[in-house]
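Consider the two complexes below, in which chain A is the common component and chain B and chain C are the respective partners.
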Partner chain A sequence: MVLDLILYIIAYPPLWQVLILGFAGSLAIAMVAIWFERKAAARVQRRIGPYWASPALGGFLNIIADMVRYVLQQLIIPGTVDRLVFYFAPIAAFTISILPVIFIPLSPKPEFWPVATMDYSLLIALALSTLPPLLVIAAGWSSNNKFAVIGSMRESYVITAYELVAVVSILSASASLLTFNLVYIVEAQQPFKWLAILNPIAFLAAILAVLMSTSAFPFEIPESEHEVVAGPFTEYSGALYAFNMGGAYVRRFVYALLIALVFLGGWAPYVPGPGPITGYIIPSLIVVFKAVIVVLFISFLRAVYGRYRLDQALGAAWRLAIPLAIIGFGWSLFLAYIGVFH
Partner chain B sequence: MPPKVSLKKLARKGGLFDGVKSNIHALAIGVKYLVDPQRSTLLYPKEYIEHRPGYRGFIVFVKEKCISCAACSRICPSAAMKMVRVTEIDPKHPDKPRQKQYPVINYQRCIFCGFCVDVCPTEALYHVPFHDIVYENLADMFMTLEQFQVEPQRPAVSEGLPVVYEVDEGKGLVKRRRG
Partner chain C sequence: MTSGGLEAGAQRIPGVTVKKIEKEVYEIFIGPQHPGSGHMRIIVRLDGDIIVEADPDIGYVHRTMEKLSEVREWLKPIPLLERMTIIDACNVTLPYVNALEKLMDKTPSTRASYLRVLLCEINRVASHLYGMGIFGVFIGHSTMYMWAFGDREVFVELAEVLTGARLTHTYPIPGGVRRDMPQDLPEMARRTVRYMRGRLEEYRKIFVDNPVIVKRLAGVGVISKSRAIELGVVGPNLRASGVKYDVRIAEPYEVYGELDFEIPVFEEGDALARTWVRVEEIKQSLNIIEQAVNWLETHKGEPVIAKEDFDKLPKLHKEVYEKEGRVKLVPAHATMKIPAGKAVARGEMGRGEIFYYVESDGGTTPYRVRVVTPSARNAIVFKHIVPGHTLMDLPAIYGSIDYFPPESDR
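Right, the complex of A and B next:
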C-alpha cells in the first residue's frame, strides 16, 4: 500500500523529469559547463586551468570543491535588506528556471511525456523561461545596495532587448510549421530537415539571444565584476549566491534544450521505437547531447570575445539581433509558403 | 561665453561583411588554440626552470679565498652583507690566535644584484643558478658564517624535471623539456 504510493510518487513523470533532468541533470551539466569554460579559456590563453585538484580528470574535482565551499559557506544577511524578497527571490528564480523542463518532450511517445498534452508546449516553455529575470531584478532591488540596484537595472535593459530576440527567433519554428507542439516540430524535421540548416539566421539570433539574456561569461553585463561588484548578487553569500549563479546555468541549459528541439532536430535522425529504452532513454540522450553541445559552444565563446559595454550590447541588440530575428521569422514564413515541411 | 560644443562624427570602420569576417576569424583562432594549445605554464614542483650559467641566484662564500677587504659589504646597495669579526688560528703561526673579518648575508634584504660577486677581487663569492628556496621563519634568512659557506640544495631538483624556455619564431615563448 504505502510502498505502492511511494513508487507512484517516485515514478510520477513530471517529478521524475524535474528531478532527474531538471535538477540533477542541469546541475551536472552546469558543472561540466563551468569546468569546460575554465579549461577552454585556459587552453586558448596558453594556460592550464584547473589542474592540481585531480590531474587525471583535468582538475574536474576543483569544481566540486567550489560547490561544496558555496554550500558550506556562512550565510550573511545584511540588516538593511528586505528579508522576505531577499530569501525568496533566488530560490524562486532557480525553481522557475527548472519549470520549463516539464513542457519539454524527450520522446514522441505520449506515455513518456511529463504532461498529458504537448499542444502549446513551446509557448509555455518559452513563457516560463522568461520569468526568472524578474526575480533577479527583485533580488537586486531587495538588497538595498547601489551596485545591486545598478546591476538589476542593467539586467532589465538587457532582458528587455534580448528576450524579445529569443522569443521571436525560437517562435519562428512555429511560423514555418504552423504548430506550437514541440513533438510535431521535432517530427517534421526528420531525418535531416533541421531548422538550423533551413533557417540559419533565426538559429544565429537564438544563440545570440541565449548568450546575452542568460549573461554567459564574456557578456555578463549585469554582474560584471569590474564595474559593479557582482551586480544583483552583491549582497548574497553562500548557498543563496549558489542558487543565483546556478539559476543562470539552468536557464542556459533549458534554452539549449529548446534550441536542440527546435533548431537541431531533437532526436531527429533516430526514429524511436517501443519500450522505455528505445522510446525514452535513447532519444532523450540524443536531445541532451545536442543541448550540451550548444551549452559548451556558448562556454567556449568566453575565450574568444571580450566583454561588451552596456551601450554596445544594447546597440547590438536593437541594430543587429532584432533585425536578424525578424529576418529569420520572415524566412520561416517563406519556408511555410513554399511548403518545405508538407 | 562658453565655447560651443561640437560633436565630431567619425566614420564607422567596416561594414556588415567586415564584422562577419572578423568574428569568424576570431572564432577560427580560438578553435585553433583549443585543438592545439601552446601552453607555457610551468608546473612548478613537477618541473623547474634550468637557468643558464651566469644566473644571479643565492650566493656562496669561499672562506679560503677571502682576504677580508670588505669590498662586498661596502658595495652592497641594500646593506644585506655585513662583516663579522671572528677569532681563528693563523696557519702560519699556530700558537697565537688572530682576528679576521668575514662577510655574512641577510637574505631578507638581499636583492640578488650580484655586485658583491662582481667586486670581489679574489672570487671568494659565487652565485648558484637558482633562488627558489623557502625559509620557514625570518630568522633562518640570516646566514651565519658556517651556513654562508655551504652551497644550498635546490628542493625542486629532487621532485621535478628541468625545463628551459626558448623563443620560437612562430609560437612565441615555448617550454622545452631537457633531455
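Right, the complex of A and C next:
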C-alpha cells in the first residue's frame, strides 16, 4: 500500500517532466545557448572561443567544466548580507524559472503530458515566468552593496516596463483563439496559420519583451558591468552565482518555448500520431528546435549590439513596445472578429 | 577625500577637502578595483540616477617618472618614459629626444625623421584602436573590443618589424633612430594600410553607425568649443569640439611639415564626434604611413643617425650598420654630457599634446625633466563634464575621452 503510493509518486509523469525535461532539458539547452553565444560571438569577433576542453566538440565541454568550477568554488558570503534572503533568492529564482516547463505542453496527447491539457496552461506558465525578477531584486537588496542595490533598482524599473509587454503580447493569442489552453492554441495554428505570420506586431513585441526581461543585449542593463560590476549579483560567488546567471538563461529558454508554441505554431505543421514516438518525441523535438532557434537568435544579438542606456531602454518599452503590444492585441481581436481560425 | 561626519570648518587638513554629504545623495566609489574604472577611482555622487558630482581620484599608478629621470644618464630616461604610455611609445618619447637634440644642437638626418614619423603614426593608429576597443567594451559592444584589439596587433607587428620590439621600441635616440627599416617593410606597411582601410569600413558598419551606439553616444558628454578651450582639453577631444589644433600642424616637428595630411575636426563635441575624430585620424595616419614608406624606399643611402655621430663610429660598428642596419653606439654615448641649458619640446600623441621641459646643468644626467601628458589634461573632463549625466553615461564619457591613467599619473 505504502509502496504503491511511493511508486505512484515516483512514477507520476509530471514529476518526470520536471526532473528530466524541466531540469535536465532546460539545463542542457541553457548550456547549448551559452556555448553558442560564446562560439558565435567568437566567430563574429574573429576568435575561436571555447576550444581546448574538447576540440572535437568545438569546446562544448568547456561549459560543463565552467559549471563544475562554479559548483566547487568557495562560496564567499559577506558578513553584512541578509543571510536568509541571500541564500533563498537565487535558488528560488532558479526553481521558479524552471517551473513553467510543467505547464508548457510539448505534445498534445494527455497520456504523455497530463498537466498541460488543463485549460489555463498559458496563463499559469506566463504568470510563473514573470515571478523570478522579483527574487532577483530581493537578491540584490539582501546583498547590502551599493552596486547591487543600484542593479536591483534598475531591474525593478525594467520589470515595470517590460512585464506588461510580455503579458499583453503573448496573451494576444488568447484574444484571437478564445482559449488559454496551449494545446488548443497550437492546434488552431495548424498547419501554417502561425501567429508570427498573422500577427507579426505582437510577435515583435514579445521578442522585445523577452530581450528586456532576460537582460539580453541590447538591454543588458541591470548587470551592466562597467557601472554596477555585476548588478544584483555583485556579492554572489560560486554555486549561488551560477544559479543567478543560469536562471536568466533558463528563463530565456522558457520564454522561447512559449513563443515557439504561441507564435511559431508549436509542433505544427506536424500532426502528432499515436504512440510515444510520433505522439511525443517528434512533436517535442520540433517545439524544442523552434525554441532553440529563438534562444540562439537572442544570444547572437550580443555580438552585434552594445547596450542601451537605462532611460532609453525604458523609453523604448513605454513608447514603442507597449503600444506595439496593444496594437498587436487589437489586431488579434480583429483576427478573431473576421474568424481566421474558425 | 571625504568624511561625512566632520562639520565643515571643524578640522582642516592641508590638501584634503572635507565635505558634508547631502542626505539624498548616494555616494559610490567606482574604482580602483572595478571593471569600469581603470587604474583610478571616480567618486560619484548620485541623486537618483543622475550624477551630481564626479571626483576623479587619480594617482594610483604614479611612478615618479620625472624624479627617476633625474638620476639616469641622458639616454636612459627614454625606455623609462615609454612606460607612461606603453601603447604609444614613440610619440611619448620623441619630444624628450627632440629636447635633447635642441640642447645638443644636433639635427637628425632626414631619413631618421621619416622613420620616426613612420613609427609615430603606426603608434597613433595602434593607440586609437586600443582606445576604441576599450570604449567599445565600456558600452557593452564586445565585438568592437575584440576587433580593435585584433587589428591593433597588425600595427604592433609592423612596429616590431621596424624596431625589433612590439611595444617598448626605444626607437628615437638623440640624432637619429636605433636602426634602419628592413627591406620588406614598405610592402608590409602597404598591405597593412590596405587591410586597415577595409576594416575601418566594417567598424563604421558595426560600431560607429550602429543605431544602438549612435543613440548611446550622440549628445552625451558635450564639450562646447569655448568650454574645451577653457578646460584645456587636448587631442582628439579638443578637435571633436571644433578647435583645429594639432601640434603636428601648429608647430611642425620632424618632417610633418613636408607631409600631406589633414586634421579632422568635428563641431558637435559629443562622445560620437570624439569617436569619429579617432576613425578619421586613423585614415590620415594611414596616408602618412604610405607617404613615409614611399619616401623611405626612394631615398636610400643616408645613415639613420646624425652625420657627425656616424663618422665618429669605429670601423666595427660601421660594419654592423652596413650589414644589419642597426646602430651600435659607442659606450661613451651612454655617459655623454649635454651642455647646460633649458629646452622645451612638444609633440602630438594619440591622445593629444605632450609637453617636455628638460634642463641640463652640464652633467651626465638631466637636472630636471618635466612632463605634461595629454591624459593629465583630459582628466578634468570627469570633474566638469560628467555631472548632469546618468550613471550609465559615465563609461560612455570615460571611453570617449580615451583617458589612460598610467599616462596621466606618470
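In this text, the second predicted complex is superposed on the first by the 327 of 342 C-alpha atoms of A that agree within 3 Å, B and C clash if a C-alpha of one lies under 4 Å from a C-alpha of the other, contacts with A are read in each partner's own complex, and residues count from 1 in each chain.
Throughout what follows, a contact is a pair of C-beta atoms (placed from the backbone, for glycine too) under 8 Å apart; a residue touches a chain by one contact, two chains touch by 3 or more.
If you're wondering where the values come from, they're calculated on a predicted model, not measured in any experiment.
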When the two structures are laid over each other on chain A, do chain B and chain C clash or fit? clash
Please indicate which partner A:A40 is in contact with in the superposed arrangement: first for chain B, second for chain C, both, or neither. first
According to the stated criteria, A:I64 is in contact with first (chain B), second (chain C), both, or neither; which is it? neither
With both complexes superposed on chain A, which partner does A:I48 reach: first (chain B), second (chain C), both or neither? first
Can A:I9 be said to touch chain B (first), chain C (second), both, or neither? neither
Taking the superposition as given, does A:L333 touch the first partner, chain B, the second, chain C, both, or neither? neither
A:E220 in the overlay: touching chain B, chain C, both, or neither? Say first, second, both or neither. second
By residue count, which of the two partners contacts chain A more extensively, chain B or chain C? C
Where does A:F300 make contact in the superposed view: on chain B (first), on chain C (second), on both, or on neither? first
After superposing on chain A, which stretch of chain B overlaps chain C: 81-89, 99-107, 117-125 or 153-161? 117-125
Let me check the overlay on chain A: which residues of chain A are in contact with chain B and also with chain C? 44, 46-47, 303-305
State the interface residues of chain A toward chain B in the complex, per the touch definition above. 40, 43-44, 46-48, 51, 300, 303-305
As the complex stands, chain C meets chain A at residues 26, 28, 30, 34-36, 46, 49, 136-147, 150, 206, 210, 212-213, 215-216, 390-395
Which stretch or stretches of chain A touch chain C in the complex? 41, 44-47, 146-147, 150, 217-218, 220-221, 224-229, 302-312
Okay, in this complex, where on chain B does chain A touch? 26-27, 29-30, 33-34, 37-41, 43
